[in-house]
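Each of the next two complexes has chain A plus one more chain, namely chain B in the first and chain C in the second.
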Partner chain A sequence: MQPEFETTIQVLKKNFKAQVSEFRGDVRVNLPAESIVPAGKMLRDELGFNLLSTMTAVDYWPEQKPRFDVLYQFTSVTHILSLSVLVQVPGINPSLPTISGVFKNAIWRERELWDMFGIKFEGHPDLRRILMPADWEGHPLRKDYPLGYEEPHFTFNFEEIDLRKPYAKE
Partner chain B sequence: MTQLQEVSVDDIKHLVSERAIQGETVLLNMGPQHPSTHGVLRLLLELDGETVVNCIPDIGFLHTGIEKNMESKTYEKANVMTDRLDYLNTVGNNLAYSMAVEKLVELDVPDRAQSIRVILAELQRIASHLIWLGTTGLDVAAMSTFLYCFRERESILDILELCSGQRMMTTFIRPGGLWRDVPVEFEAAVREFIKIFPRRVDEYEALLSRNPLFLDRTFGIGTVTAEEALNFGMTGPPLRASGVKWDLRKARPYSGYEQYDFEVPTRSEGDVYARYIVRIEELRQSLKIVEQALNKMPLGPVRSSDHKFVPPPRSEIGVNMEALIHHFKLWTEGYSTPKGSIYNAVESPRGELGVYLVSDGGPKPYRIHWRTPSFDNLQALPFMAKGVLVADLVAIIGSVDIVLGDVDR
Partner chain C sequence: MGVEQKLANMGAVTTTLETVVNWSRTRAMWPLLFGLACCAIEMMAAEGAHYDMSRFGMELMRPSPRQSDLMIVAGRVSRKMAPVLRRLYDQMPEPKWVIAMGDCASCGGVFNNYAVVAGVDEIVPVDIYIAGCPPRPEALIHGIMTLYDKVNHEKIKDQA
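Coming up: the complex of A and B.
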C-alpha cells in the first residue's frame, strides 16, 4: 500500500468501523451504511479527497443479505490518490443515506443507481428515473432482470412476428 | 396536423420556481432534436423573457444499455461495444477498457504497442477537439471554422483507417496490445500530419481567438470556480479552465506518458473562453506527444506473447497444436479472470474516463461500470446556466463538450 494512504486509513479506522483491503494496487475500504455521509464529509474536508469520481453498484443476486455493493470512488486532486469505499445494502427495501449534500455530482449518480438498481437514497432532492423512461418497470442492471432481445423479421415469418411484436403506442 | 396535448408538470414541480406555477415565467422545451444540443440532449428551460431562470436537463435518449450488454459478452467480444460509448473518442475507450482488463489479469504490453497506443490516443484527442471546435464555432455563428476543422479531422480518420480498416469504430487496441502492427505507410502519414497541423492551429486561432464577435459571446459567460467545478465532479478541460491542474496523463502516468515532455494547459477564469483556450493549447500539446512518441517508437512485437489471453498469430495455427488449442479456447469460451474488482481511469478528451470492472472468476465481466466524463460535466450545466440568455446557454453547452453517447451509455 502506498505510504500516503496511512493517515487516511488510520482516520477512517478510528472514526468508523472501516475494514481495509487491497487488490491489484487499488485500496478499498468497507464502511457501514450509516457512516457514509460523515465519512464522505471527513474525506472531503479533512483528508483532501475533493472529487467524487464515480458511484456505482454491483448486484449479487440471489444473495439477499447483503445483496448490493455500492461503490464510491473518491479522488484526491491535491494528493493524487484514489480510494474506493464500499457499502453493503440488503436486498429487501434497499436504501442508503444520500451523499448529494456533500458532493453535488452524487445527485445524478444516485438517480442513476435508483433507476438501474432500485436503491433508494433517503433525503435525495430529486429521486426520479434518469436514463430509462419515467414509466419504465423494473431496474435493468439487476441480475434478475433478463437481457431482452428483439425477434428478427424474415420474409417467411414476417406477418407472424408482426402480429405479436410490441410496437410503440400511438 | 398534430394535436396539442396537455402535459402535467407535477413530477418536476420541485425543480421550477414558484413563478412558473403561477404562470409568470414560461416553460420551454429545447431539444432533443435541436442542433445546438450536440446530439439528443433535452433541456426544459424556465424562461423569464429571454433569461434562463432554471434549466432542467433530461437525458437518456441515447441509452443503449451497454453496461448490461457487456455482462453477456466475453472480455474479447465486449471490446467492440466500447467504441460505441463515446463515439468521438473510440481509441481512448478501447484503451481504458484494455488497460482495465490488463490490470485485472496482470498482462504486460510490449513497448511498441504502448507507443502506438499513445500516438493513436493523442491523434484521437486532436480529432475530438477539432469536432468540438468546429461545432462550438457553429454555435456562436462562426461558420467557416467548422469546414477547416473537418478537413484536418478527415486526415486523422484516414490514419485510423490505414491502421484498422475503419474510420471511427476501430477496436484497434485490444487487451494485451493491438490488433496488429501498423502498416509501413503509417509513419509517413503521421509525419505529414505533424508537418501541416501547427500552421492549421494558428489559422483557427486567427479566425477566433481575437475575433470581437467571438469574444463577446464567450468572455465571462458560464463561469465556474475551481471549488464548484470539483464539487460537481467536473474533469478534463472544463476543470483545467477553472484553474485546477489535473490531468491523469501527468498525475498517474500510464502507457508510458511519463517519457514524454508536455504541458498541462490551465486557465483561471473558468468561463467559456477559458475552456476554448485550454482546448486549443491541448491541440498543440497532443501534437507534441505524437511527435515524441513517433520518434521513440521501438521495433518489436505489438501483442503480449501470453496466449492464455491473447490469440496466437494466424501463421502459427496451421503448424502448432498448442496455438490451435489456444485459438479455439479464446474464441469459444474466452479466458477466465481472477476474482476481484478494479478501477482504472484514463484521460479522455472530455476528462476522467474510468472503468470499474468486477470479475466473478468467469470468462465474462460480472459487472462493468463506465465512469464517463460527460455525465458529470453536464451536471454543472443548470448551475452555469442560471441567469444567462438563451443564446449564451448555447455557447455554454458547446463549451462543456458533451457527447451524448458518453452521457447515456
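Coming up: the complex of A and C.
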C-alpha cells in the first residue's frame, strides 16, 4: 500500500468500521451503508479527497447476498490519490442515503444508478430516469432483466418475424 | 425520326409531366444534415471531394428538415433518439424519402438490447436499405442512385 493512504485508512477504520483490502496497489474500503455520507464528508473536508470521480454499481444476482455493490471512487487532486469505497446494498427495496449533499456531481450519478439498477437514494433532490425514456419499465442493467429484445432473423424464421414486426406507418 | 426529332429541330421538346416531375425531383434531392454514428463518417466521406456525391446533385445537406427531401439515417437509433427522429421526419415536407444506411439502421445490426431500436423501419417508412457496417461511400452512392431509379418510376396517379 502506498504510504500516503495510511492516515486515511486509520481515520476510516477508527470512525466507520471500515474493512480495507488491496489489489495491485488499488485500495478499497468497505463501509456500512449508513456511514457513507459522514465518511464522504470526512474524506472531502479532512482527508483531501475533494473529487468524486465516479460512482457505479454491480449486480451480483444470484450468486451474492446482498445483491448490489455500489462503488464510489474518490480522488484527491492535491495528493494524486484514488480511493475506492464500496457499499453493499440488498436486493429487496435497495436504497442508500444520497451523497449529493456532499458531492454535487452525485446528483446525476445517483440518477443513473436509479435508472439502470433501481437503487433508490433517500433524500435525492430529483430522482428521475436519466438515460432511458421517462416511461420505461424496469432497470436494464440488472442481471434479471431480459437480455434480448428482438429474435435474430434467419432464413427459416424470416417471414414469421417479418409478419409481427411493428413497421411504421406513413 | 418521329415528332420529337422534328420538334427538337424547332427548339421544342415533348415529354410527359411525370418524367419532368420525377427528373426535377431526382436532380436536386437534398438530404437532411444529421448523422447518428460511424455511418455518418462514411456519409461525410461520400460528400467530400474524393467521392463527390455532388456529381449527382445530392450533396447539399440541409440543416433544416423543412428544406430537405431525403432522410439518410446514418447510424444506430437509440430508444431515446427514436421520437426525435420521427419528429424530424414529420417536419419534412412532402414528397420525402428515407434511406436506412448501414446494418444498425436497417435491422439493429450487432445490437440486440434494450437501448437500440431494431431497425429504423419501426419508426419511419424506409425506401432503401443499404447493407454494410458501415457501408462504403460507393455503397451509399449506389443506394441513392437506386432511390433515384425508384423515384423515376413513380406514377402521379399512385400518389393521389
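In the analysis below, the second predicted complex is superposed on the first by the 152 of 170 C-alpha atoms of A that agree within 3 Å, B and C clash if a C-alpha of one lies under 4 Å from a C-alpha of the other, contacts with A are read in each partner's own complex, and residues count from 1 in each chain.
The working rule: contacts are C-beta pairs under 8 Å (C-beta built on N, C-alpha and C of every residue); 3 or more make two chains touch, one makes a residue touch a chain.
These figures come from a predicted structure and were not determined experimentally.
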Report for A:133: first if it touches chain B alone, second if chain C alone, otherwise both or neither. both
Quick check for you: in the superposed arrangement, does A:153 touch first (chain B), second (chain C), both or neither? second
Given the touch rule stated above, what does A:163 touch, chain B (first), chain C (second), both, or neither? neither
Kindly classify A:77 by the partners it touches after superposition: chain B alone (first), chain C alone (second), both, or neither? first
Should A:51 be classified as contacting the first partner (chain B), the second (chain C), both, or neither? first
Please work out whether A:92 is in contact with chain B alone, chain C alone, both, or neither, and reply first, second, both or neither. neither
Looking at chain A, does chain B or chain C touch a larger number of its residues? B
Starting from the residues of chain A touching chain B, keep only those that also touch chain C in the other complex, and list them. 131-133, 140, 147
Along chain A, where are the residues that touch chain C in the complex? 131-133, 136, 140, 145, 147-150, 152-153, 165-170
Report the residues of chain C in contact with chain A in the complex, numbered from low to high. 79-80, 83, 86, 107-108, 112-115, 118-119, 121-125
The answer for chain A against chain B in the complex is residues 23-24, 26, 50-54, 56, 58-59, 71, 73, 75, 77, 80, 82, 84, 103-105, 107-108, 125-126, 128-134, 140-141, 147
Within the complex, which stretch of chain B touches chain A? 11, 14-15, 59-60, 63, 65, 67-69, 71-72, 103-104, 106, 230-233, 235, 244, 246, 251-252, 340-343, 345, 352, 354, 356, 358, 366-367, 369, 371, 375-376, 379, 408-409
